[in-house]
Amino acid sequence: MNRESFAAGERLVSPAYVRQGYEARRSHEHLIRLLLEKGKCPENGWDESTLELFLHELAIMDSNNFLGNCGVGEREGRVASALVARRHYRFIHGIGRSGDISAVQPKAAGSSLLNKITNSLVLDIIKLAGVHTVANCFVVPMATGMSLTLCFLTLRHKRPKAKYIIWPRIDQKSCFKSMITAGFEPVVIENVLEGDELRTDLKAVEAKVQELGPDYILCIHSTTSCFAPRVPDRLEELAVICANYDIPHIVNNAYGVQSSKCMHLIQQGARVGRIDAFVQSLDKNFMVPVGGAIIAGFNDSFIQEISKMYPGRASASPSLDVLITLLSLGSNGYKKLLKERKEMFSYLSNQIKKLSEAYNERLLHTPHNPISLAVTLKTLEEHHDKAVTQLGSMLFTRQVSGARVVPLGSVQTVSGYTFRGFMSHTNNYPCAYLNAASAIGMKMQDVDLFIKRLDKCLKAVRKEQSKESDDNYDKIEDVDIEEMALKLDNVLLDTYQDASS
Amino acid sequence: MNRESFAAGERLVSPAYVRQGYEARRSHEHLIRLLLEKGKCPENGWDESTLELFLHELAIMDSNNFLGNCGVGEREGRVASALVARRHYRFIHGIGRSGDISAVQPKAAGSSLLNKITNSLVLDIIKLAGVHTVANCFVVPMATGMSLTLCFLTLRHKRPKAKYIIWPRIDQKSCFKSMITAGFEPVVIENVLEGDELRTDLKAVEAKVQELGPDYILCIHSTTSCFAPRVPDRLEELAVICANYDIPHIVNNAYGVQSSKCMHLIQQGARVGRIDAFVQSLDKNFMVPVGGAIIAGFNDSFIQEISKMYPGRASASPSLDVLITLLSLGSNGYKKLLKERKEMFSYLSNQIKKLSEAYNERLLHTPHNPISLAVTLKTLEEHHDKAVTQLGSMLFTRQVSGARVVPLGSVQTVSGYTFRGFMSHTNNYPCAYLNAASAIGMKMQDVDLFIKRLDKCLKAVRKEQSKESDDNYDKIEDVDIEEMALKLDNVLLDTYQDASS
Amino acid sequence: MNRESFAAGERLVSPAYVRQGYEARRSHEHLIRLLLEKGKCPENGWDESTLELFLHELAIMDSNNFLGNCGVGEREGRVASALVARRHYRFIHGIGRSGDISAVQPKAAGSSLLNKITNSLVLDIIKLAGVHTVANCFVVPMATGMSLTLCFLTLRHKRPKAKYIIWPRIDQKSCFKSMITAGFEPVVIENVLEGDELRTDLKAVEAKVQELGPDYILCIHSTTSCFAPRVPDRLEELAVICANYDIPHIVNNAYGVQSSKCMHLIQQGARVGRIDAFVQSLDKNFMVPVGGAIIAGFNDSFIQEISKMYPGRASASPSLDVLITLLSLGSNGYKKLLKERKEMFSYLSNQIKKLSEAYNERLLHTPHNPISLAVTLKTLEEHHDKAVTQLGSMLFTRQVSGARVVPLGSVQTVSGYTFRGFMSHTNNYPCAYLNAASAIGMKMQDVDLFIKRLDKCLKAVRKEQSKESDDNYDKIEDVDIEEMALKLDNVLLDTYQDASS
Amino acid sequence: MNRESFAAGERLVSPAYVRQGYEARRSHEHLIRLLLEKGKCPENGWDESTLELFLHELAIMDSNNFLGNCGVGEREGRVASALVARRHYRFIHGIGRSGDISAVQPKAAGSSLLNKITNSLVLDIIKLAGVHTVANCFVVPMATGMSLTLCFLTLRHKRPKAKYIIWPRIDQKSCFKSMITAGFEPVVIENVLEGDELRTDLKAVEAKVQELGPDYILCIHSTTSCFAPRVPDRLEELAVICANYDIPHIVNNAYGVQSSKCMHLIQQGARVGRIDAFVQSLDKNFMVPVGGAIIAGFNDSFIQEISKMYPGRASASPSLDVLITLLSLGSNGYKKLLKERKEMFSYLSNQIKKLSEAYNERLLHTPHNPISLAVTLKTLEEHHDKAVTQLGSMLFTRQVSGARVVPLGSVQTVSGYTFRGFMSHTNNYPCAYLNAASAIGMKMQDVDLFIKRLDKCLKAVRKEQSKESDDNYDKIEDVDIEEMALKLDNVLLDTYQDASS
């Protein structure tokens, strides 16, 4: 409402009250102005009212929402379904232009602002999370794997002879496929066992660099966040190797923003050596739906090159999600989530430790992994062949999601490459184990339910008494989950192996 | 509500009424069952009530919505913002898995169903739109350009020697960049002028194939939908060349689903020759927000290969949009939109013809282009140098979006390649012109407003009387648009050239 | 967004585009300003974008949405559920104050504006619908019956001796109860039969006035909209009687706004005689949810007295609904609905006529009733006792809602008063009949389905072959409705009589 | 989705996953079944997913949502605006029927269920809140005042001679008007001062009963929740008087559900004497928007009589709000809110006490008032004439809502009755004072901000330095609130007196 509208309002109801309303409106506008001027995440989260006003204001700057617009092009932001328009807050034009996913769209000033502001907020959060010298970043509506592919494709133009990517092994398919899809040959560097931990074999990396010749190597592709007992790669040392041999370095930091340790590794790597880009998932770090990633780096122009490599416009949906989320949380809210995650990691760790000892198992000692834990399943493994996968299946049917059992000796072929001991990041880990992680947003209730159910499952597997009466089980589980569990256990046994990745 | 709930309901209100409610519920369920069983777009659109019930039912099958779930993984579909959860109908897990964007997710049966059904509906619509023998397709949450890149990257693995892509020129940046990004060298085939039309130079294509050698050619990359006076490529003949030389053929059908002519070309091409995949935009054909494309083809396994090439999960947002849209419209609703577009094309064509004659200009004769029209701007061009771009700027500020003026002699360099006569698909088109298109969803009001504003702008440019009083202008424009136009005309003149692509 | 925010925006994306967005925003503001200044329903409906912006702007003027508010009262507009806040667009304070439902609330300038504007729009529409000289009106969040009660309670204070209300009989319970609830004794004036029509017995009214004495009569309570064969009361003549004897006149115009005839009667009554207030339903005339009414009149101060009689605040929900509806429709949209209703009345009339003749029945000749029709059920009645109610039951189970069968000889006691021939507005109508009405929003499809189902039901009842196979029935009915019908017919037979009112 | 749909789903994605989704769905259904069977508020709040599923399931039982419905009545639940339909979850038919607001509607089984369940939940909560022997209650979409009127109108039919209502004075307009509107003569019983408290003058009540004669008294109309220094009426003793003289007793329990003391008074009154109905606000006790009340009582049939007295259907909106709220909170959530309110009352009390002492004022000793507090403004009053109202105005402009200053000697005439010392519940309270209340939903932040702002205002008023620089003020207030305050103080001074009620 403009000045004239308020004046008209004053004639309808008391001027004093309208004026107070007018002043109240200015508080919202003030927050919006600060955001646009500073480009930083507000300390305190906005309430929904300010947030929706802001999104509404942006949306009406897009031509599809102009009251007097007439469209005679092939792409006019028309929407057939009111439900669809509404769920996108009427942002229809997406982000970017043919030439560049970060470019401004003439038809969509509002969407363009949204895109700029989101990237700016996200940059602010990356700094806050520990990578203080990050130079630029952008949100891309593709998951981590495809975003890595985009980085590799960008590097191709700078390194015409390159055929290989050096890759310390991490058993996660999309990391591996990101290289295959980009058309390069992954050179797998097996990890070394130090205590219980699997760590980067730096000597093997350097040997391979020398063997293949730096010019033939597109980049080193390292990883921070991973399942224990693998731990984050030795980023500092890898970055130094990259600097020494003038080889690009791309870091898969999939769910590492949530961990100060992972972020610190990246900051340190960039300080002492070379890191060209680090890529992180939006959903895993910011509690938004799957589908976006952040490509960030220390060299502004290289990040721009990547953004120009994306051909055509792109969905604004992941940007919108993370914008809403960060404005709702504020930086304080996000920091609180990070703190709680850390606390929950300790709690989970302690609870698992206690439980494992009761079953003569052992929490693996993996101090370098700040997110994921592993507990041995030795006694199960000895018990019988399928006991490990059966445990996985049982947990799944009891609505424990994300727990992951790793039996010994699994072999899998991905895009023509065969991995022995697949899922364990090494050909031959000493024992089977179970993974659990403390990821951002985890609640104490998650841990408690997990421990309770794991306890029951372990008991059941051991005694082969899966049909025993479970009297003490809490009530809602009686009705829904146990009943279901009985029915599904057999069905799922076979499908389980597929389910855990 | 289950049987027991209805029984309880009967005790609270009259059994007869509850039972009628129960029967009414079955009508909704019946529609849902038919959809799941047939996998086809319903003839009549669903009402919002059925649609939301269906989405709700799917969503509660995802583990993040299980009431008793406990998550101990790194990706549990947690959402920080209720606004975000709500706008995604609580589908958080995205679609696909590490290995394959079409794969089923164990944690998300509902999202997986959503993905399958969407692909199935879209396949049904592609058949209905004219490509009857299409074998498979999938929605990918990337715009057309990046989707073409994915096709090229998939082909790379099958054609290790290939370095070139044969590409009949179309002046649209993202098409061109899709090849660059994939790491290939585009071989530009200039178009030939036939009457007013720019058409595929088949001889030049075949000559180039022979010159480079089929093995070194990744594919022919042809285009259906394009701005007049360029017309769709001669797909049949190109498909025959591909078949003869055993070269893959990828068709950029960006906004061609809306035109029976474009679809017919694809169908014929596949019948008589070879088409491996055709890629179309979701937003341009289905009136949804920017950000998705459909990759379709005649060979099931090749389409599956492409879907397996996408590394990692992906956003479900474009799939959800198109699902909502198609279920709302029904196939009858979509057919009606296609019919109206065709009618609007005739209407636009007639109106432009009339107007152009009044200004001694001419509607170019481009009968092979079913969507886009071009009208000469000869008199303007002769008038003075900047008159053509000035017209473009004036239309833009008067909220005519999508009209595109093409001056002579524009030169642009894209990724190191220089294009003379850029925007006109040829080095030297005989005259400057203006494009307008009749795209799906266009209304008669769009055409009428466009003609009215174009008339005024042409008058103004000619008389150099841009500040004359516009008495007859309709009222809302008096207030908002004209006023704005005066202010912005100068500012925009310089930025305009960037705005029209 | 204020000036500074736009300036900041210009630094992020191109100034020219931001400025165009800014100008576009002004179109929305312009519409809002016009509304606030004129207080009239816009001719063309607003789009959702303007509407939601407007509601949002109003809502942030309420103290519960102030960012810096602290509340230490007993009623602070706090909301426990975000779903609830959202569905009310964050208007929580309701409308009115202790003293007056039309009064301005200091804590809620936005809600107060909403209330004022709604009343202003509704007044505009009442004029447009035919009562040109209406002086004032207000929306009250109570249905028609309770609103009539409020009028009677207001009159009580002006007519201390009054005990009776003169009431030409209309068989609708809430009209009758509105008088009982207010504590008055209804004096029922039986209607007279003229042709097929039941019309006001003016002589009986006047005789009763003289008999009881004007001072002992609170008011005459007349009715416009009613089920055929009763027709609207003779308002002009009643209004003259009221003027002559100085008796207030309250008109129940429940669903009469939709009919120019009903509105004309009121206008004429007020012109030649006396009408103090006329009351209409929001839901029945404006296609909003049940729960609101409009109290309108020709004397500003009397309407204000009524509004001051409502003790305490009230729900803003009905006002919000009608505001959204009228702004969405615009006056043109509302006029279109009125026009379509009229056309549908003719269509329904013709279709029923045809069908009735095929069954040797007759459409009653009730030219004074512009909304409701009645068709005889003579042959059914003769057939057997329960055939008429059975027909009603069958229609109900076949999802025909609103059709109403009126058997002969029904007797009902309401609040101690016994009505013979209840539902037929007279003690002894010549025959049983079926009612159908053409109300605002009715579609041709409603009529067609109704005629089809009525045909089938009549056939079935006649032949006593309710289980015959219905081969030609359209498909969805096969599955859902017929099946249901078979099951429910028996159950419902008994409950039916309750269902038709 | 029914069995067949799930089966079809299993063919599209893995049966094991679909089955797990199916089982998960049953958890939601289980909660719904329990609700319908028990009719009690669930202990733990439902999540939005279950809640929306439930509302959706109910809505599709209403005939306006039947897919095959055809409507030929005058009230078919048609909705013109999709926004309106959506915000009401497609419940359009309201609640109740002509005869009874609690009656079941044949056309709307879902809305009818909603109504029944809401009333059932609310009854459960009233018991939980302390009135264990309540027999029946219903939600009515009118605020407290009009609901009291409805109670009085119902009693009228049982007590034909009655003309008076005995009413221990409480200075709240709508309470008073509720009796006027119903057509009765309020007999005001002045309160007696006991210490600082104003309490019921029982002797005066009994004397008045004897003087007027029980038959001529409609009822005693007492009050629980009120502003200090008035305290809840002596309900037990009043109830005994009512029982002794056979006079009905209606209790205005406006915001008393939130206080165990108020509820206890009612429970005790009913145990030892007579209470016919007690009426409470929905918004003030359940944090929903203004507009609904609960009428409850200890005699099932009397409550039914009241519900039958409401003529016609009514808005379902308040019922829907409270249903959503209670299901979201669960009884545990509601109990937590009650507990927090109590704690906040102590906190507020302590903070005010401290502050008042610093200014030589005194927190009035009103131990019987569990919600509202009063602090003297003696020094202000002595200072100068308008200082008290000026303080009120200053607090208002500083976004302190709900604080209420009570100057001495205010006289007001309501519906012809003159009240001396209006707002203070007595003709001549010893001093001016300020009220603040701890109502449900109040946060510690409210208290802290209030105390801070009150401190500043008191300082300013005293020093007459309202323009002094406020350096320590928190920042957002610098910009928005202080600036506003300066502007508005003068404007508001005059309008303030109106603002505080």
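Order of writing sets the chain letters: A, B, C and D. Residues in each chain are counted from 1.
Rule of thumb we're sticking to: a contact is a pair of C-beta atoms (placed from the backbone, for glycine too) under 8 Å apart; a residue touches a chain by one contact, two chains touch by 3 or more.
This one's a predicted model, so the numbers in the text were calculated from it and none came from an experiment.
Taking each chain's centre as the mean of its CA atoms, D is the chain most distant from subunit B. Across A-B and A-D, it is A-B that has more C-beta pairs touching.
Subunit A and subunit D have Cα centroids separated by 46 Å. Subunit A and subunit C have CA centres that are 54 Å apart. Work out the mean CA point of subunit A and of subunit B, and you get 29 Å between them. Across the assembly, subunit D contributes residues 14, 20, 24, 26-27, 48, 52, 63, 66-69, 82, 106, 396, 399, 476, 480-481, 495 that each touch 2 or more other chains. The residues of subunit B lying in touch with subunit A in their complex are 48, 51-52, 63, 66-81, 83-84, 87-89, 91-95, 97-99, 106-107, 141-146, 148-150, 153, 156-157, 172-175, 177-178, 180-183, 225, 227, 254-255, 281, 283-284, 286-292, 309-318, 321, 324-325, 328-329, 333, 337, 348, 371-372, 396, 399-404, 414, 436-442, 445-447, 449-450, 453, 476-477, 480-481, 495, 498-499, 501. Per the touch definition, subunit D reaches subunit A in the complex via residues 14-16, 19-20, 23-24, 26-27, 30, 82, 396-397, 399, 476, 479-481, 483-484, 487-488, 491-492, 495.
Here subunit B touches subunit D in the complex through residues 1-2, 4-5, 8-9, 12-14, 17-18, 20-22, 24-29, 31-33, 36-37, 39, 47-50, 52-54, 56-57, 59-63, 65-69, 82, 86, 90, 104-106, 109-110, 112-113, 116-117, going by the rule given at the top.
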